Amino acid sequence: MNPYLAGTMLGIVLLLAMFLSGRGLGASGGIKYCVVSLVGAVDRSHAEKSIYYGKYFENGKEPLNNWLTYEILGVVTGGFISGALSGRLKFRIEKSPSISNTRRLIFAFLGGVCFVYGAQLARGCTSGAALSGMAVLSVAGFVTMIAIFGSAYGFAYFFRKNWI
Amino acid sequence: MTVVASNLQKRNYPMKILKKYIIVIAIALPALILITIKTFNAAGFKYDAKRWSIPSFNGSNLVSISDTGKLQGDKLLVILDKETEGEFMTSAHIVMIPPGAILEKQHLRLMREHKGPILLFSADPGLSARVWMIISQTGITNIYIMTSHIDNEIFKSRFRPDTVTGPEFTN
Amino acid sequence: MGPISSLITMPGWLEMLIALLIGTGFGFALEQAGFSSSRKLVGMFYGYDTTVLKVFFTAAIVALVGSQFLSYFGLLNLSQVYVNEYYAGASIIGGIIMGAGFIMGGYCPGTGLSALSIGKIDAVVFALGGFTGAFLFGETYPLIQNFANGSYKGAEKIDEALGISTGLFIFLLIVAAAGMFWIGELAEKKFARPDITGEI
Amino acid sequence: MNPREKLSAILISLGLILALLPLSSNRSFNARPEKVLEEILDPEITVTADQTARLVASGDNSFQLIDLRSREEFRAFNIPGSVNIPYNEFLDTDPHQILKNGKSINILYSNGDIYSNYAVTIARGLRYNNTFAMKGGLNEWFNTVMNSAFSGERISARENALYEARFRARKLFTEINSLPDSLKQKFIESKRLAAKKLDGGCE
């Protein structure tokens, strides 16, 4: 699909989220709620004692029962539908031909760790903080957006072998 | 033959431009029209309720009858209830508008086109306040409430705490 | 009017159904934009593909312009729409860490999820990394708590912070975005890598 | 035109329209003007001090009293059960949070008639139709409820009910407002509207 058309579609989805639920989109938040409930399931007393996890279990709250977790469930569904319609469903590892699969997967893992860690710190990732934040003109949105893209450009040189 | 063809092309030129920009026009023009209607609709409420109610925050829109002379400009006195008619002998231009008719086109036009302060008067200060707010929200400015109860919002009694009431009496 | 959630108290299941449907639209749009390909995403940083820039700014501006129009017509009450809170230090450092994660992993959380849905194994690993990252954050939170909650500026809006009118700021943002789209397309021609971008 | 030029042209033209508008996130009246006018001219837009006293005395909590005076005035005394929102902040903190509280009616009062009637018009313009103004404000409340005394010789059943409601409302008013400041503060705080935090972002 033409990127401008896809962008318009994404913008309309974001507008719908604002109109229906009074909030923006998010992705890292959903991941966090999954982790929180996982920690709660494994070691409930640790979760309740922790100053970080504790607030998600206050008053018998159920962290999985959250707008964001249902939303990321939808993201996976929507991606699957789109991939099926465009004939892109296929198990594969996407990488530059000059690097090994292991190297690609190690970097993907590290990237995931960094991205979600940073997103927790900045209270949102590219969708939750930067995209949704810009759509409501929040300073946080613009600052996070500039920091993400600026830093990615800065690091791009060191990881060029992974991609091109 | 060739002359006719080039003429035809020339005549179609505006259509071509239109076709080229049709999507832009199809989106921007309706938006522009809607905005224009919304902005210039005389009887409708204007955007941003706060902006139009600012004069009411500090009482700068209240004048007592004796102070009306201090207002600069040609005054228009709008009397809202009948029974007070003829009570004033001011130099102002006086009109009687029953409150139910205040949003009628000719009355809104009269107030909108009047240069100088508009004074609302009613024997009931609450009614004046409500009518002031509704007129202000249609975007008419320089409108005042003329009242003989300028001290209306001042507390006139005294509250005497009950000295025998202590924590032990309540729970 | 609007947001609908502030008008009526929705039953929980309806709210979650809306979340699911919005998420579906989100995932669909991301995948259609080609964001399920990490090499396409990072192309942004090597100049051979600027889809990220185009989609990202188009989406933000469409939602921004749409919400402002709805608000002008009294259909959406913007004071009931969440505005992200600004913690200056955490936003900047968090953003820098995210940028590093982006160039290493090739995805961001949203695009990673849409990529794993079409069977990208690297995206599955990226998501596993994401779970680990969230867990690490939870465990290290006591150490960085002060920093994470420091320099709190509240739900600040950028037009107010800059002291210019909302409409003017939006206009300038749009002009800047149009300029970036143009530059982006020039860069795509200059750094073209048809072997990568042609894949999807 | 290629897609980029099309999109840029659409967005720039919409941006130009927006640049000319005085945008703010404040709310605008969204009810029809004729309807608001009809409502504010209906005598039932106001409730009397006696009606309010009866509600207060009944201990019923299906209504919400909203005090539009300044914070200092509110601290000095207020009708039991009220929450304070100074009139000039009424539109700052979105009235939505104050008026949409699940109560069947909201009663606005100030010292007199002016502020409460501005605010009730704003509420009706924003379509909060369960909002009313207390006629005469606290001045009237003091005249009828606090300072009234029965001066006739025989009392009818109706008058008896009226005076009983007044008496009970007065007793409650005096008791609560006579508490030491520290206790009153606690009482007020427990009554304060907890500003609902908006849910959103990736938190």
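General observations
By written order: A, B, C and D. Residues from 1 in each chain.
Assume a contact is a pair of C-beta atoms (placed from the backbone, for glycine too) under 8 Å apart; a residue touches a chain by one contact, two chains touch by 3 or more.
Predicted model, so just to flag it, every value in this text is computed and none were measured.
A count of contacting C-beta pairs for A-D and for B-C identifies A-D as the more extensively joined pair.
In terms of their C-alpha centroids, the spacing between subunit A and subunit B amounts to 47 Å.
Look at where the CA atoms of subunit A average out and do the same for subunit D: the two points lie 42 Å apart. Chain geometry summary: the mean Cα position of subunit B and that of subunit C are 41 Å apart.
Spacing of subunit B relative to subunit D, judged by their CA centroids, is 22 angstrom.
The residues of subunit A that reach two or more other chains are 4, 8, 21-24, 27-28, 32, 67-68, 119, 123-125, 127-129, 132-133, listed in rising order.
For subunit C, residues touching at least two other chains, in rising order: 6, 54, 58, 61-62, 69, 72, 74, 78, 80-85, 166, 170, 181. Multi-chain contact residues of subunit D (touching two or more other chains) are listed as 4, 6-7, 14, 21-22, 24, 26-30, 198-201. Per the contact rule defined earlier, chains pair up in contact as A-C, A-D, B-C, B-D, C-D. By the touch criterion stated above, subunit D contacts subunit A in their complex at residues 3-4, 6-7, 198-203. Interface of subunit C with subunit A (complex): residues 2-6, 12, 15-34, 36-39, 42-46, 48, 51, 54-64, 66-67, 70, 75-76, 78, 80-88, 90-110, 112-123, 125-138, 141-142, 144-145, 148, 153, 155-159, 161, 166, 169-170, 181, 193, 196, 200. Those residues of subunit B whose C-beta lies close enough to touch subunit C in the complex are 31, 34-35, 38, 47. Within the complex formed with subunit C, the residues of subunit A that make contact are 1, 3-4, 6-25, 27-28, 31-32, 34-36, 38-39, 50-53, 65, 67-68, 70-83, 86, 88-96, 104-105, 107-156, 159-160, 162-164.
Of all residues in subunit A, those touching subunit D in their complex are 2, 4-5, 8, 21-24, 26-29, 32, 67-68, 119, 123-125, 127-129, 132-133.
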